[in-house]
Amino acid sequence: MINVSIAGGTGYTGGELLRLLLNHPQVKIDSITSTTSVGVPVTNIHRDLLGETDLCFTNKVGYPDVIFLCLGHGISRTFLRENPIEESCKIIDLGSDFRNEPIFGSRQFVFGLCELNKEKIRKAHNIANPGCFATSILLALIPLAAINKLSEAVHIHAITGSTGAGKKLSETTHFSYRASNISVYKPFTHQHLNEIQRTLADAGNPILPEINFIPMRGDFTRGIFTSIYMKWDGSMSETEIIDYYKQFYEASPFVFVSDEPISLKEVVNTNKGLVHIEFHNGYIHITSIIDNLLKGASGQAVQNMNLMFGLDESAGLKLKGSAF
Amino acid sequence: MINVSIAGGTGYTGGELLRLLLNHPQVKIDSITSTTSVGVPVTNIHRDLLGETDLCFTNKVGYPDVIFLCLGHGISRTFLRENPIEESCKIIDLGSDFRNEPIFGSRQFVFGLCELNKEKIRKAHNIANPGCFATSILLALIPLAAINKLSEAVHIHAITGSTGAGKKLSETTHFSYRASNISVYKPFTHQHLNEIQRTLADAGNPILPEINFIPMRGDFTRGIFTSIYMKWDGSMSETEIIDYYKQFYEASPFVFVSDEPISLKEVVNTNKGLVHIEFHNGYIHITSIIDNLLKGASGQAVQNMNLMFGLDESAGLKLKGSAF
Amino acid sequence: MINVSIAGGTGYTGGELLRLLLNHPQVKIDSITSTTSVGVPVTNIHRDLLGETDLCFTNKVGYPDVIFLCLGHGISRTFLRENPIEESCKIIDLGSDFRNEPIFGSRQFVFGLCELNKEKIRKAHNIANPGCFATSILLALIPLAAINKLSEAVHIHAITGSTGAGKKLSETTHFSYRASNISVYKPFTHQHLNEIQRTLADAGNPILPEINFIPMRGDFTRGIFTSIYMKWDGSMSETEIIDYYKQFYEASPFVFVSDEPISLKEVVNTNKGLVHIEFHNGYIHITSIIDNLLKGASGQAVQNMNLMFGLDESAGLKLKGSAF
Amino acid sequence: MINVSIAGGTGYTGGELLRLLLNHPQVKIDSITSTTSVGVPVTNIHRDLLGETDLCFTNKVGYPDVIFLCLGHGISRTFLRENPIEESCKIIDLGSDFRNEPIFGSRQFVFGLCELNKEKIRKAHNIANPGCFATSILLALIPLAAINKLSEAVHIHAITGSTGAGKKLSETTHFSYRASNISVYKPFTHQHLNEIQRTLADAGNPILPEINFIPMRGDFTRGIFTSIYMKWDGSMSETEIIDYYKQFYEASPFVFVSDEPISLKEVVNTNKGLVHIEFHNGYIHITSIIDNLLKGASGQAVQNMNLMFGLDESAGLKLKGSAF
């Protein structure tokens, strides 16, 4: 059994990790930390877990085989400085700290997009888990980047559920505001653009076109629906592209190419990503869906753990989707 | 034109009053106060009013003909002590301060349930505007109370939209919590029980049976759906009761008896109340619907103002429902 | 009083027209027709209107001053052939029949986008009421087209509420499917593209760039949120553009430019359109919101009627928004 | 491996069974039948299963060890007459056909409420799977019935998600109707009352009081929230009752007593049932939550199968809840 610690277990990604790991056949949860709820049963915070665990939050990490950092963006470095972790302990950081600056002391972080970096992840000691928008967009674009086919401006709109904004109360997560409402935020400037661009370049597309990205707030709790298009040079037909994408994702237990148009709930509460491709008027149009808390965060983190420890990549991740 | 002041204009009921009064043909808004946003355009807070008003929040009440108090429960008395209002100025309090203790200095407050107290309201100088749950329940029960027919235990479940909880951020108004969720709160102990019981007694039913009331939080923003039943002695048939209710509400421009089962959205964004009655197995079952911010708060407050100033009772209140 | 007939009154746009016209100060509803519900009270179908009207559906148009056609796309021509309308009767067609082919016998139809064609509409005898997506997109782009500034590819994503799909039951309007779901439909090929392109050209931009339009199905009932961007040549600054837009819409009682980012519910249940503009990285980004059933259909139809009959443009259209 | 057939696999309960059984460690799906979609891949209908199965619908049942009937209420008898099933094949019927009339030829059906009839189910050859409302209500009341404590009138309101109404399109499952809407249906007369009453009597409460049940339609897709109260004789204190309930459900892997008030999403997408108890004013108030498609249908069906075949009761049912 793998001894696991979750650092920062009261938030959404920490809770979701817990939901996954409690059912993972090869994991023992060693500790789940919190600065604010030490000694409190985790079911007081994650009430849906009643009957599934007797764990309490602690402020001691202990000596796990792997620690998941669910600390909020920018806090992981501080945490590691203040809480020395054994050298031998692997780290999977769900924050943004090491995505673009992958070094901390002697630790080198691999960008944990499993479908791109599987072999590197298998050998990695430290993982920077990708952002949710980044994952959704990269799953749609990585196959093209891998053959250096991103040369025309890329146009992206992606709409996210409220859990993407975390547990913090704010005007835009107030139910009376958010219900039946739609809005745009950080157009052209979202912080995930960096990791998207770097990853696409690394994947095989060194010179990138403009990536225009408009994030939207949706009136649902889980999921990201991404719509992307760009001019297409005609070097491959629609059928060839679809076949190529299917082949590209053939080895992935979670990412699939749909021949039919997709709708968000087809992946909600699963670790899957679905991609659908159509050609129109000289454009290639790609839609992509993930659950932001699973493939976009905690699910992918477990997938990374599985790879790092030589387990079945889908161990603990064969989830029943909610479908409705 | 009636000069109106709104005290406490940044919250939900203050904003809804503003939405109504800006279109009211016989009202001029003299001032809208706030302790936190003095000098700020009201459209900064109530963004849906863009293009409809240039008003700014102030901390001066001025010399209105009537002031609406939208201050939160328990704050109206303090406000009146600290902000002397001209004797001649009428007061309509949307808080709970004067519903059960209707005296403040020389001012006597009338309970502003228009369908019950229309003549008293016409002569009133001060109004305690009913609570939202209270209004929904009273519209269903007042006709029976008026003929002293409440003698068996009354069983009530009522489900409210999130705006009933006000603008304050809290765990239960967080979108990620509230969406697609249902819960019960304050079962048997909701603070509106007092005004419900007192009003039913005053209406003609001095000795009341048990009133059991389970409030529920719904996953929608506007409206209260109330389901009530009690044993029925058979002294009047279903048809007779329905006819009696129709007659009881004949003079009301807003309350109607539906021959068909009702659904909440039939009244959302209107000042209407709908009531439907069925007999089953020796019980009378009454369902009742209102928009909590309108007939349950700001709409009824304007209806009270109309009556107090001798205007058409429905002036400014012929609202297009949202229907969907 | 203007005598009005509504042809096809059981659907969503017919019902919404009724909601508006019942409160319109200068309108008398002469008839509301249906092929399937002759003799049935309109409140049996539009249950939210209980207490507001005793009208029944009829199959006779009568002799109105104006008839609104709410018949579904492609049926208006057939209806006019089978139901001769007096020459003197004005026609406002809410379907798509006359938007791109504006002639029927001796009748010439004016495209009823009030903010563009106000003077023509004032003199018009027949109006082709714009489509909902078209209205939302045109309000964002018309000011640029009017100064021939559309020269770079235009990128549009717009997300619509379920009422845009009408009353018909279908898989994608089933609650269990649609709730918390997002999908794309008719990418690059939506039928409103024609009227959008033609109108932009007519407005002053004879040579148009590509207009790329991705419509999306949202999980709410009312409203369209549109996000548009295109490369900007820098000939006018952000401030200049915003000022120009404000000036362009100065005379409109319904369209406003917001200095702050907008969210859909700011216009729901109103006839308003809001537009917000930001410059980023050499792009102009415009967001635009309307209520699809009001400014996108029945509200604009009434606005057209007001103009055609010399009434105040906003008569019957000062609606209290739902805000929440 | 247990060979399983699903009869009627295109609907909601059939699809949900498939979602569960595809991940069940001891099950092989032999066939999934449909009368309308023979030869069609199941992923064409249940699109969320893309990548998880290559099964196609068939019209041949084959020779399974157990068949699940997901045919709609009243159709199971007809199906069994027209599709002879091997004597040795166990049957689990998700319809209502055998709940109150448990005999078909030589087959005797056991009512499959696992928490009540565990030992009978272990030995059963045929199961009548309980209804969703019935399960939610019975989990709240069975412990009291087991000690013959139901003597005062029971007052129940329960609100259900849209999936309870199945896949069929209807006015009340139209998104534009259902979103943000609440309504009552079949008050006092819901068809589950029979199985509720019979089961409570069988559980140890031969003489039953009135059971008053008001079902409500909620504006969410999954789950049933039930609120029940009745006068309490004081023979046991609140603490004693709560302890008794905890003890009653001690052996159940799925039903738990919550010390804190519960909200619906704590069980959505799980096979769990949660119960919470409070005493007020001489009443015992019990709230109860389940996912209607899981513990209220397909999940409980699998739980029954597990018991019938001597498997771990929770095999294939340790589901990650959706929580949000």
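Letters A, B, C and D mark the chains as written, and numbering starts fresh at 1 in each.
Here is the rule we use: a residue touches a chain if its C-beta (ideal position, glycine included) is under 8 Å from a C-beta of that chain, and two chains touch if they have at least 3 such contacts.
Because the structure is predicted, anything quoted here is derived from the model rather than measured.
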Selected interface, B-C versus A-B, where C-beta contact pairs are more numerous: B-C
Longest centre-to-centre distance from subunit C, chain (CA-based): D
Mean-CA-position distance for subunit D and subunit B (Å): 40
Inter-chain centre distance, subunit A versus subunit B - centres from mean C-alpha coordinates, in Å: 46
Whole-Å gap between the CA centroids of subunit B and subunit C: 34
Subunit A residues counted as touching two or more neighbouring chains: 12, 161-163, 176-177, 179-180, 219-222, 262-263, 265, 268, 324
Subunit A - residues contacting subunit B, complex: 12, 162-163, 167, 169-171, 173-180, 219-221
Residue numbers on subunit D that touch subunit A, as the complex places them: 12, 15-16, 19-20, 23, 44, 46-51, 161-163, 179-180, 221-222, 254, 256, 258, 260, 262-263, 265-270, 272, 274, 293, 318-324
Interfacial residue positions of subunit B with respect to subunit D in the complex: 155, 157, 159, 161, 176-177, 179-185, 187-189, 210, 212, 214, 216-223, 225, 227, 229, 261-265, 268, 278, 280-281, 283, 285, 287, 324
